Amino acid sequence: MISVILTIFAPILGGFVYGIERIVRARMQSRMGPPLMQPFYDFFKLMDKRPIMIHSFHALMGIMYFIAEWFALAVLLLGNDLLIAVFFHVIAVLALVIGASSVRSSYSVLGALRELMHMISYEPLMVLMVVSFYLVVGSFDIKDVLHYNGYPILDLPLVFIAFLLTIPMLLQKSPFDVAEAHQEIIGGPEIEYSGPFYEALYTGKWIEYIYVFTFAFLFGGSHYWLGAILVIFAFLFINLLDNSTARLDFRRMVKFAWIVLIPMAALNVILLALI
Amino acid sequence: MINPNVEIFETTLEKVVEDIKNWYDYKKYHYVTINGVDEGGKLRIDWIFADYNEKNKMYVFRVTDVSFDTLIPSIANIIPSAWMAEWELRDMFDVEVENTQKGIFIKDPNIVAPLRKDK
Amino acid sequence: MESLIVLSIIIPWVFALTVYLAKNDFVTNSLSYLLLPILAFFAIELFFGTLPVYIHTSKILDILMDVYDFGLLFFFLYVGIKYKNSLVISLAILQITLLIMALIMMPHSDTPNIFVDKLSAFIYVIVALVGVPIVIYATKYMDYNEKNKHTFVAILLWFLGVMNFAVSVNNIEWFFALFETTTLASYALISFRKDEEAINNGILALWMNQIGGVAILIALILMIKYNGYYHFTDILNHPKTVAIAALGFLSLSALVKGAQMPFHKWLLGAMVAPTPVSAILHSATMVKIAPYLLLRIAPVIKGTLLAKLLIITTGYVFVVAAIIALTQDNFKKILAYSTISLLGLMMLAAVVGTPIALTASLVLIVFHAFAKGFLFVEAGVLEKAFHVKYIKQMRRLVERAPITLMFIFFGFLNMTFVPFGTFIGKWMMIEEVSNFLHHGSYIILILYVGAGSAFLSILYMKVLGISVRKAHGIERIKPIKLPITFNFVSVWYYLWLLVITIFIAPFIANEIVPIANMIAGNSANIHAIGLSLQMNHSILYFWQILGALILLLLIHALPYFVKFKADIVHPYNCGERFPRYIETWNFECLSKYENYLIAFSIALFIMVVVLGGGLL
Amino acid sequence: MVKMFIESFKNLFSKPETVKYPFEPFPEPEGFRGTILYNEELCIFCDKCENVCPPGAILFEIVDIETNKREYNYNPYLCIYCGACVDVCPKADEGCLTQANTRTKPLGEEVVKDKKLGYLMNRITNPKEVEKAWSELEIRAKESREKYAEYKKQQRMKKRAQAQTKKENS
Amino acid sequence: MGFFSKFRKKSPWILHYNTGGCNGCDIEILATLAPKYDIERFGALNRGNPKQADILLVTGPVTKNCRDVLRRLYLEMPEPKVVVAMGACGHGGGVFRHLYNVENGVDNIIPVDVWIPGCAPNPRALIDGIVEAIKIWEKKSKDKEYMKNHSKEMIKNLGVNDD
Amino acid sequence: MGNKIVVPFGSQHIALPEPVSFLFDTKNEIITNVKVDVGYVHRGIEKAAITKFEFTNVSYLLTRICGFCSITHAGGYHHGIEKLLDVEAPKRAEYIRLIITELDRIHSHLLANAHVAEVAGYENLFMQGVKDREIVMDLLENITGNRIQYDIYTIGGVRRDISKETAEYIKKQLLKLKDKVLKVYDFYDTDYTFGLKTKGISYISLDDAKKYNVVGPIARASGLATDARAEFDYLPYDEVGFEIQTRTEGDVWARNIVRQMEVIHSIDLILRAIDNLPEGDIKVKYKGRPKGETFVRVEAPRGECFYYLKGNGTKVLERVRVRVPTYSNIPILKELFVGEKYSDAQPIVLSFDPCMSCTAR
């Protein structure tokens, strides 16, 4: 029941998360920052903009991204297999990438290509993470994970750290905000969207917050307080990281993911499996 | 009050590149810019240099009485950064300079040689 | 039943002969169309019929087979001499020697030589449903400035028969003969255009495949020497005693035939031939022999050191081929590399050998066959109707060839995305392998699958990205009319893929799983609950399948129908009117490592040979 | 990275540096170079301010040629607030031309009216017309000046003629 | 639409373009992003992308070389939008009035809604200007005084066939 | 082969507050070729300075060549015109000029550095950098009445004096600023990710710097000790003990560090200048019209700024020539991109802190 509600209201919740994030970020930069409801103000404003577009294909892909993102979240929360949810996320990426590539704008295309580099960095790690959950819990079922009596975080500390460092890739945060890279490619895949179509992308990102933090929550097992702490910790950590790093090149990102994160997670899994 | 110590080498358009080439040592001198002055129907061109080591010291290679339809030689192969000033010279005075094109600053075809007094 | 089997093999040959002799467009076209229902009927009849079927053949056939073998090998020798290729010559001589040795050593056996079980019937079905449309397609394809259409179609038809035959034999010596026949066929097809490049690539295919032949012969000799039997059924019936080394060499031949690195070059070489060749080599036939062979012997090699070696090798190929594909810019080459990659995955799954893994392998075979056939057909359409060969020429394809692009899009979706079969295969693999993680080193398998599928996804997205780029709304698109044949074949594949995907749960649970169960000897825990697919305790709900399917259908097809009412503006270009020149990345730096990657694969291969052979 | 990490964390819990303007007033500092204010009564119409003004944001239009009545016009949106006019005004000390230390409001929905801003600003109601009106005024002012010069010349001629005739008469 | 318009004033996104001013104004825009004046308090973001911007913040007198770029950016912005000309330059060209390569102010190229006086206007002035712009923006969206046939206009005005 | 993507950067781009356009040909995001257009800001100031404006108020125009270093242009012009008119500004005026000039340099450098951080994707470093800069801006606004266009120079002196209290206030604020700047300096110096993004990028060797006549912090970051403050006598820098700050790395990072070092040095200079602020007038009267020609070099935040003035005894000058630092840095900037990644192009451009407004005038 909770998961149904969570799924339905994910955009709203995500909006709040994003709103909090903007305030937190501003505070970290010694600024006052926008009001909490700012994402929703943006949302309503975009709603009321006169739509313009490059072509329908492109505009449609923006909307598909939103739907796919939401659907991926639904699969995560309502389905029973974490692994499938990971793969459903790829559909959202597909819509984003295809949409971004469909316009003749070098920024958009570069953004799309960089988005692919993101995917190559986080996708194997997500699979590994899910598998490590399986090792601990003995099931791919999200409900089983949530009813697991132990503390997955204690079994999977390295996986958690690796995941923590993957979040910036998923959520486009510094140091791995290469696909969005505002100062380079001005938002990358989202650059050519406007008005209601941009809105779809903007909101899709909020859902992605929920999607990602759900995984962080799972590390708490059946101890929901622990899950909540982990989520808050992850949230603060990635924001601090966001504010204390420069954007790295996508090559560095891929290398980092493959040389540091994946072996780290794999090591954890191997240790876990052997013991 | 400032007190620039300017050494002026008068030369001619044919000889100027040769002169600069013989004199210029990029380790010692510092190319500043090329400057054109419209002296009533005739152009005066200064190639201006400064010294890294000596205070207030400047050097000027000066060619006077250049008519607006002569080709002005380029020093860009001696001083690679000189092309900007040469291109600008062309835009501003509408004179021909070796290896340059119009349009670095002035793209509107209606504006011609703003720094010439006769136009 | 027996007659069905014989007919399935003979009819394509008869048709081939007719086509070759008649050299008449009408005959060629109608026969190829006619073959589709016939073979499909036979295959499906067989598949649902009572299996397995054993056919005892007369001694004469055995002798004929031997004669044929020698004829074939001498033909290879002849080819080697003709083109002055010492490799071909020496390999042919080696094969002849080994064959003679084998024949001398060969004891008598009462085991029937022809043996058709569900696995064979399964390949029959694929040959019929995927292979025959390619022949149909070829009849039209060859009309576009190509020579010797009828000969070509005849070879293709003959080849289908060979393929059916190859998966029905039980005798490994026969299998060798058919294996080499497919080698011959690939040589003939690849060098079909008879220009220098074609011949070079044909020769390449020849000698590489000959290595596979040598491996089979060695396996045969070993098996005769140590076990005294040389039939697949015998191997399966004596799983404990069989010489692992023999199986090792059999697997090696599978690696060669499956174009696993370092033997991938021959499959790439197939590109120079007319596109139906690639289609048929990659999708329906030839390369499928490789996973077929491994599936045959899967129960015996399961869990051995050999299996682990093969897992490492094939998994490596799965990832590396996908990486190398990223650096390619020839569309067919990209498809070829992705075939190599996915073949790696199929074999990997086959080698793991649990019922679920076998199911995964079979699912991958089906979907790969359909999707790759589809993609190559479209690649040929692109080449012939739109003159597109390189992905950089695919720029703005959506404006010129929207429908073809839609098909390509769908093909690509099938190759990696949820809920299509390829995804299901990977999913099953990961979940299954997770059970073995207690053996530690299997973690590499998870990484292989995770990484490989990510690389493949970005490969497809990259290619799609460049072809969907366009400047206008769809309303300005004027599609070029395509021949009916092309459309028929495309729609054929499209619908099959669509239908199977919607009913994927019952399809897998009711059709594929029994095969896997049959091979493995115990049953896979896969069920269909309504249209949802349950595996162990995980469920892929129908709403998920349907949702993903709808999403993807919308993504790839809807853009042609949706037209938003909104103002059109130009893309942002910093406010300037700079020329737009946008292609894509070619991951150049990766190609620097290509040689290292391949070198490593050679090392792995040698490891398989040495360790696998060392198990004697 | 680590230092910034800690710094960010500290910042999170310390007071932001942001001022609350416009919700709280933020007066311009002493000596801020703001709007130029004009007092017609004190002006001696020496035109120095007009001549020195770099963008030409002060214009005197001669509305009555005969009496040489001049109207001071000032465009605060064109003004660059350099203060040169005040520096040059002979009557600045008395307050004829002063530079306030307040800013002019942005020109958006309405035009700010203030007698001290000169005539033009008080005549215009539609903010969108300011720029056009100013351009027209520029031309008018120039013309009026020419006319005035012409008028003066004629006057002089007349005077000279009168003097001539007077001389002749006498 | 009334419901949505209410929130409009809380989320003005800015596109900034310098059309050849002296940078002074641009520095002040950066200063407004800085912690002391933090324009994000109003929900304003510097988007750098005309398609997602609501306020076009133009500085400088519009040189002839920048003219077409400015026009293109304006047309790429979706309605409703407002244009703010910042600094003396933006109004009649400021100190650069009547120079030969200058178009004498933004209003000669695209319709301006708010002019911010000053050279350079300080961040407070800029904030005032933005607040003013938001008011006009709201009014505009209520009046629906959009340009009809946006795309046709665009082609016409720019003669765009930019391939 | 088929992998070229042409990426425009400018003239409108979020990382570029000024119109300048670069057109990069990239392969896999590696730049293979670049086209630069620097002419967007051309307004025709040199022409206006010799037609529309008299020599008394032309400086209001010239300072608006650039908002960053309005004071430099005022300096370049006034030192020259004073030479032509043969007036000497009083010592106190010279010191006040120096103080404002250095304050201006501080704000410019802080912003330039912060901007590099911003385009490197390091938003917080940008914020920390510009946060402190507000202190200087407030000082400038207090002293001169405007944050950007100080208009403090006048022929023969300065227009406003610095009172005792203001001097004290400046001192207090600068001491406060120094601590903060040192902290930010530390970030630039030691931050790991920032180093990844800037170290070794767009390396200029000392030899190249000399060959291309690079000026300013860019040259000093390559170890070329050139600084008009030391090479030309225009303000009493010797008296306050000026020293050239150099680094030898020659990359984006070194340029930032040089600027940060100069900021600290400038703070010291101002503190010393305030301590030694001579008493006396701030302005002298002048007579006559400018006649003759003169050459002036002054140090703008971005490097040496050159002025050539020629008067002919009338109210309007005959030639005003401005050669600004960016103008002489563009040629090498153009050469630096090839082989770098597109994602580093923004830090490279902004590490030059290019001012098109003065380059094109």
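Each chain carries a letter (A, B, C, D, E and F) given by its place in the written order, and its residues are counted from 1.
Keep in mind that, in the parts below, contacts are C-beta pairs under 8 Å (C-beta built on N, C-alpha and C of every residue); 3 or more make two chains touch, one makes a residue touch a chain.
A quick note: this is a predicted structure, and the numbers were derived from the prediction, not measured.
Common neighbours of subunit A and subunit C, by the contact definition above: E, F. Any chain bridging subunit C and subunit E, meaning touching each of them, is among A, F; the list is complete. Highest inter-chain contact count (C-beta pairs) belongs to A-C. Farthest from subunit B, judged by the mean position of CA atoms in each chain, is C. For subunit D, the chain whose average C-alpha position is most distant is C.
We define each chain's centre as the mean of its Cα atoms; on that basis subunit B and subunit F are separated by 24 Å.
Between the Cα centres of subunit A and subunit D there is a gap of 56 Å. As a whole-number value, the distance joining the C-alpha centres of subunit C and subunit D reads 83 Å. Between subunit B and subunit C, the centres computed from C-alpha atoms are 71 Å apart. Shown for subunit A are the residues that touch two or more other chains, namely 26, 28-33, 50-52, 106-107, 109, 182, 186, 191-192, 195, 243-245.
Among all residues of subunit C, those that touch two or more other chains are 471, 567-570, 572-576, 579-580, 582, 584-585.
In subunit E, the residues that touch at least two other chains are 17, 35-36, 38, 41, 48-49, 51, 65, 69, 73, 76, 78, 94-96, 100-101, 119, 122, 150-151.
The set of touching chain pairs reads A-C, A-D, A-E, A-F, B-E, B-F, C-E, C-F, D-E, D-F, E-F, using the touch definition from the header. Residue ranges on subunit A touching subunit C, taken from their complex, read 50-57, 59-61, 64, 67-68, 71, 74-75, 79-81, 83-84, 87-88, 90-91, 93-95, 97-98, 100-109, 112-113, 116-117, 119-120, 123-125, 127-128, 131, 134-135, 139-141, 186, 191-192, 195, 262, 266, 269-270, 273-274.
Those residues of subunit A whose C-beta lies close enough to touch subunit F in the complex are 25, 28-31, 106-107, 109-110, 174-175, 177-178, 181-184, 186, 243-250, 252.
Chain contact summary for the complex, subunit F toward subunit B: residues 38-39, 42, 44, 46-47, 79-80, 82-83, 86-89, 210-213, 225-226, 230-234, 294-297, 304, 306, 308, 310, 318-319, 321, 323, 327-328, 330-332, 360. Here subunit E touches subunit D in the complex through residues 35-38, 41, 88, 91-97, 104-105, 107, 111-119, 121-122, 124-125, 127-129, 131-133, 135-136, 139, going by the rule given at the top. Touching subunit D in their complex are the following residues of subunit F: 53, 56-57, 60-61, 64, 124-125, 128, 131, 134, 138, 141-146, 149, 151, 154, 159-160, 186-187, 190-194.
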